[in-house]
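What follows is a pair of complexes built around chain A, which joins chain B in one and chain C in the other.
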Partner chain A sequence: MDYVLIIVIEMLRAISWLVLLASGLAIIFGMMRVINFAHGEFLMLGGYITIMSHNAGVNLWIAMLVLAPLCVGIFGILVERFIIRFLYGRILDSLLATWGLSLLMVGGVTLVFGNTVQGVSTPLGGVSIGAYQVPFYNFVLIGFAAVLMLAIWSVLKFTKAGLIARATMQNPDMAETLGIRTSWVYMATFGIGSAVTGLAGGLLAPLTGVVPSMGVNFVGQSFITVITGGASMIAGTLSASTLLGTISQGMTFLTGPVYGDAALLLTALVLLRVLPQGITGRIFKKSL
Partner chain B sequence: MEKTLAKDIGFWVMLGIGLAVMFIGPMVWGLFEIMQITQYVVLSVYALSLAYIWGFGGILSFGQAAFFGLGAYTFAVASINIGETTVPFALSFLLPAAFGAALGYFMFYGRLSDVYLGVVTMVVTLIFWKLINHTAGPEYSIGAARLGGFNGIPSIPILNVPGDAKAWLDPAQMFQAFMGILIIVYLCLRLIIASDFGRVSVGIRENETRASLLGYDIRRHKVIIFAIGSGIAGMSGAMWATYQTFIDPNAFSMEMSAKALVWVMAGGVGTLAGPILAVILLQWLSLKLGTMHILNNYFILGAILMGLVLLLPRGLLPSLRLLAERLWHLGRQKMDASAASRKATSDV
Partner chain C sequence: MTKLNRRGFLLASGATAATLSAPSILRAAADTIKVGGLHDLSGPLDASGIPMNQVLKLAIDEVNATGGLLGKEVEAVIYDPQSNMSLYSQYATQMALKDRVAVVQGGITSASRETIRPIFHRYQTLYFYNTLYEGGVCDRNEITLGTTPAQTVEQLIPHAMNLWGKKVYTIAADYNYGHITAAWVKRYVEANGGEVLETEFFPLDVTQFGSTISKIQAAKPDLVLSALVGTAHLGFYRQWAASGMKAEIPIASTTFAAGGTDAVILTPEEGNGILTSYGYYTSIDNPTNAAFKAKVKEAYPDDTPILSELSEVTWEGIMVWADAVRTAGSLDREALLEVMESGKSYDMPAGKVSIDPKTHHAIRDVYLAELQDQEFIIKETFPQVQPKDTQMVCNLEETPDANVHHEISLN
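Here is the complex of A and B:
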């Protein structure tokens, strides 16, 4: 009984992990159909901000939940204004440019902080379930993933800003005609997506530690989740995370973590062969 | 616009330069220069693989390193097991080409969009890199060859004369052999591009819908283009492995994929000579910058990539050509104008 509970919690953790990793990317992709290839480095930046400010004496939770999203969000807006803005409509060029940015950031952070791992210990200790010990931090991750999804959904559904965002997503030209500055909407979206990515980076920093090249370890999972999910921000992220999280966690139980990613990719490839627009390209089409 | 290969001056110039370098080079250069230039030659073949699929098939692959690395590892494992290098060299073309075809089947028959294509190719490379990094233990060996994980595979055999496993090539001969391969690859690609198949693939690049409405199977075309590019990338990987006599997982790295993209972008998408030029220029530059130890490779590579996309999206060679054409027209206009004005004054 306890073992089953543990497995369920592990599954949930794997799913929330993917939700956290991918939602920032999914927000940007859902709005602009552009994949931010520097996503991993945005995560890395969030992690660095968290750990550096914690080392400087800031409370870990403030660093993680306030500073990291704020700084990465502002950084995202700067990136949008100085780079992405000029490349709208040239999707491939924006991929190339963000990839250049990603390499530049890895190089830049290595230059500044050196190529060493830094970290803090995972807060909150553990909970015992029967004979097993589960880190309480897992529940924090699951909680944050749920809150994040709920927050994005309610913003899109119930606020004026959400309405504008949905309109721009559906038909940018029409939205522009109706007096919405789509370029500002894009800027805001990129900023919010970056902030969410920064938050995710902050949350995972205590688990993995930070190193300039850490982004590489997460972009695979994030990209696969987003493209498998398709263009809907919430339904896509949730469905893809659930599917892929279950598969990768199952694979990890069976063979160890190395083949988890490969299994993810294989699933995604087969799935994309059938559903080239991702899951939400055909199922849950009308959802957010 | 009809321009057959035989009438293209650029083609003959490239061929002439290639042959001249191949035969005169070893007489003029010392050992160090030859080793250095051999590296450019290998990387030029690698650059050509992406130049072809991107420039003439419209397929932007962010994971050319996957095939480069696959070819390198295929060559390493096969040549250590077999004990000679001719069959492994052929395998290093065939296996990546087959893998490229399989991957291409999923991507192109699924009609994935450009963004998805970029992501999938990149993730494939990432996963190769991760997997091969995890093969450090002795249980991961294929025949006599241990994969070695992040330590890489040392003592890969040097290329030998086909049929004689003991007749290893010395650096000058290796340079000539590789130069020969580069010329053959260039020649074959030019022939493919000039053929009906190549014309259709350019047509697909320009307008997929139109090409498919004209009755061409764009999916099959793209798979074939992708497989050819993958095979060439794999072969360049094998050349790299035997040139260094060592290969490690960095063959699969982001840096390797990014380099190919940078070369093709810098040289100009849609040209073959441009990327070769870019390889020589940028590798030389990074050698010079690398000795300064101020900036690291990733930083430079990223900066160049971003700079190219934002400032010089056409690439070096086409931009130069455009500039020359503009100047030419400007000069012509000025001359016409001055001639006209002279005429006008004389009329008055």
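Here is the complex of A and C:
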């Protein structure tokens, strides 16, 4: 019985994990059709900001939840202004440019901070469930994923900014005719997407080794989740994360991590063969 | 006196002009002895490669400071393969054919070694591989000074089992090093009357270990044996501590902090108590090591490398080679190999090292140490351990032309 509970928690944790990893990318991709290949390095930057400010004496939660999203968000806006905005509608060119950016960021961070910095321990310790112990931090991840999804949904649904964003997403030319300055919308979207990625990077820092080359470990999962989910930001991210997280963790429990990874890839492969536009290209079409 | 005709004059002046206009590098070749250094100085492996390269340069300076070799200065030829195998093969070929280096030190992963080893074998460029690895290289042209599983795992397992118990749960990286090491672990655990409850393999990009940690809790082993590799896998130790398991089940590892940096990236609360076994630790207490550490500190006061078996063995690579050149009085590969095969022993920071003529692997002291506050504390020393795994499959005295990497099968 305890074991079943542990498995459920672990699956929820895996789903939340994918939600956090992919949200920032989904916002940018869903809204602007720009593929940010430096996504993994944005995560890394969030992680570095967290551990560097924590090592400098800042409270871990402030570093993780305020500084990391803030700094990466500002960085994202600069990237949009200096690189991305010249490349709208040129998917391949933006792919190449952001890939170059990712190499530059790895090199830059190595140069500035070095590649061996003491990380931070996971806060909050363990919690016993029957005969088992799980990190309490798991529940923090699950909570943040839920809050994040809810926040994005509320903003899009109930605020004027959300309305403008949706209008720009649906028909940029019409939105422009109605007096919306779409280039500012894009800039803000890229900034917010980057900030969400920075937050994910901050939350990630106490769970893994933070080194300049860490981005590559996360970029694959993030892209698979976003592409499998399709164009809708929330429904797509949620449905793809749930499906992929459940299947990969289920397989990991049953057999081991090698087959867990393989199951995730196989599911994504089959889904994209059947639904080339992603899950929300066919189902939940009208959702956000 | 010979009569100076027109043709003779042209020939003579042409030759002089050719000599004068030859690129300076070609003329310099006669004045210096070149040593190739091939370590990843950028990309994911740079945390291991940069300290190795720093120590390589320091060792070359040391050789020059003690008079150079054969009356010439030693010059380093260094390329950065950027953790990229195609650059490894390109630079290896360039070193052998264009730079014509006397010896090459380098390669970090087994993949990089198996890329460049055959190239140096073909062009008969003497090659030193200075990394701990899974064992099994049989090539007379390569001197392998790092430890193999038969040297370290064989000490680590019985010690850990004596301390903690007989039931072992193995977690290992999913590539040839992890699989071969897991097989050795199983063999030694069973030889000591224990049992491997489960062996799990992890692709190198796995960062989430929650399910595995739950499975380990369900299996209730006496100890966890980790052969995890790379920075993604560091997450295991972090998440293990976070779930409160660190106080319950101890960890021994064949890979943790092999390059030195893991011990610093983890906080003391996460890393304390991890048991490892390598051929070198900075805490080894002998005068050679004290002098070595002082030299490193003096040469790199600001960017002092974190020393590990990888970087210390790179020092050994240069010193063993330089000693052979001085003894043989030449750079001839055959003469140098004969000196190194003669069973000489060398006084190194890691202790006494000699070269096994049958396998060209090192016979060396092996240590067992526990991490406390980011420093390894030596618990036990095993003098002069033989590379038994490679000795099972390789005998260069019988097959001097061998050019293979045996996958040592334990089944």
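Going forward, the second predicted complex is superposed on the first by the 281 of 288 C-alpha atoms of A that agree within 3 Å, B and C clash if a C-alpha of one lies under 4 Å from a C-alpha of the other, contacts with A are read in each partner's own complex, and residues count from 1 in each chain.
Keep in mind that, in the parts below, a contact is a pair of C-beta atoms (placed from the backbone, for glycine too) under 8 Å apart; a residue touches a chain by one contact, two chains touch by 3 or more.
In this text the structure is predicted, and so the values were computed from the model without any measurement.
Novice: Identify whether chain B and chain C fit side by side or clash on chain A in the overlaid structures.
Specialist: They clash.
Novice: Given the touch rule stated above, what does A:M169 touch, chain B (first), chain C (second), both, or neither?
Specialist: neither
Novice: Would you check which partner chain A:C71 touches, where first means chain B only, second means chain C only, and both and neither mean what they say?
Specialist: neither
Novice: Touch test for A:R33: chain B only (first), chain C only (second), both, or neither?
Specialist: first
Novice: Touch check for A:L272: first (chain B), second (chain C), both, or neither?
Specialist: A:L272: touches chain B, not chain C.
Novice: Could you look at A:P135 and tell me whether it touches chain B, chain C, both or neither (first, second, both, neither)?
Specialist: second
Novice: Per the contact definition in the header, classify A:G125: touching chain B only (first), chain C only (second), both, or neither.
Specialist: A:G125 sits against chain C, while chain B stays out of touch.
Novice: Looking at the overlay, does A:G108 come into contact with chain B only (first), chain C only (second), both, or neither?
Specialist: Only chain B; A:G108 stays clear of chain C.
Novice: So, does A:T116 touch the first partner chain B, the second partner chain C, both, or neither?
Specialist: Second partner only, chain C.
Novice: Between chain B and chain C, whom does A:I84 touch in the aligned arrangement: first, second, both, or neither?
Specialist: The answer is neither, since A:I84 touches no partner chain.
Novice: If the two structures are placed on top of each other, which part of chain B overlaps chain C: 9-17, 117-125 or 135-143?
Specialist: After superposing on chain A, the stretch of chain B hitting chain C is 135-143.
Novice: From the superposed pair, tell me which chain A residues show up as contacts to chain B and also as contacts to chain C.
Specialist: 107, 110, 216, 220, 258, 261
Novice: Give every residue of chain A touching chain B within the complex, in rising order.
Specialist: It is residues 29, 33-35, 37, 83, 86-87, 90-93, 95-97, 99-108, 110-111, 216, 219-220, 223-224, 226-227, 258-259, 261-262, 265, 268-270, 272-274, 276 of chain A that touch chain B.
Novice: Show which residues of chain A lie in contact with chain C when the two form their complex.
Specialist: 3, 6-7, 10, 13-14, 17, 107, 110, 115-122, 124-126, 128, 131-135, 137-138, 206-211, 213-214, 216-218, 220, 249, 252-253, 256-258, 260-261
Novice: Which of the residues in chain C come into contact with chain A in the complex?
Specialist: By the definition above, chain C touches chain A via 42-44, 46-47, 50, 174, 200-203, 205-208, 210-215, 217-218, 231-235, 238-239, 241-245, 248, 261-262, 264-267, 269-270, 306.
Novice: Under the stated contact criterion, what part of chain B meets chain A in this complex?
Specialist: Result: residues 60, 62, 103, 106-107, 109-116, 118-120, 122-124, 126-127, 129-131, 134, 254-255, 258, 261, 265, 295-310, 313 of chain B touch chain A.
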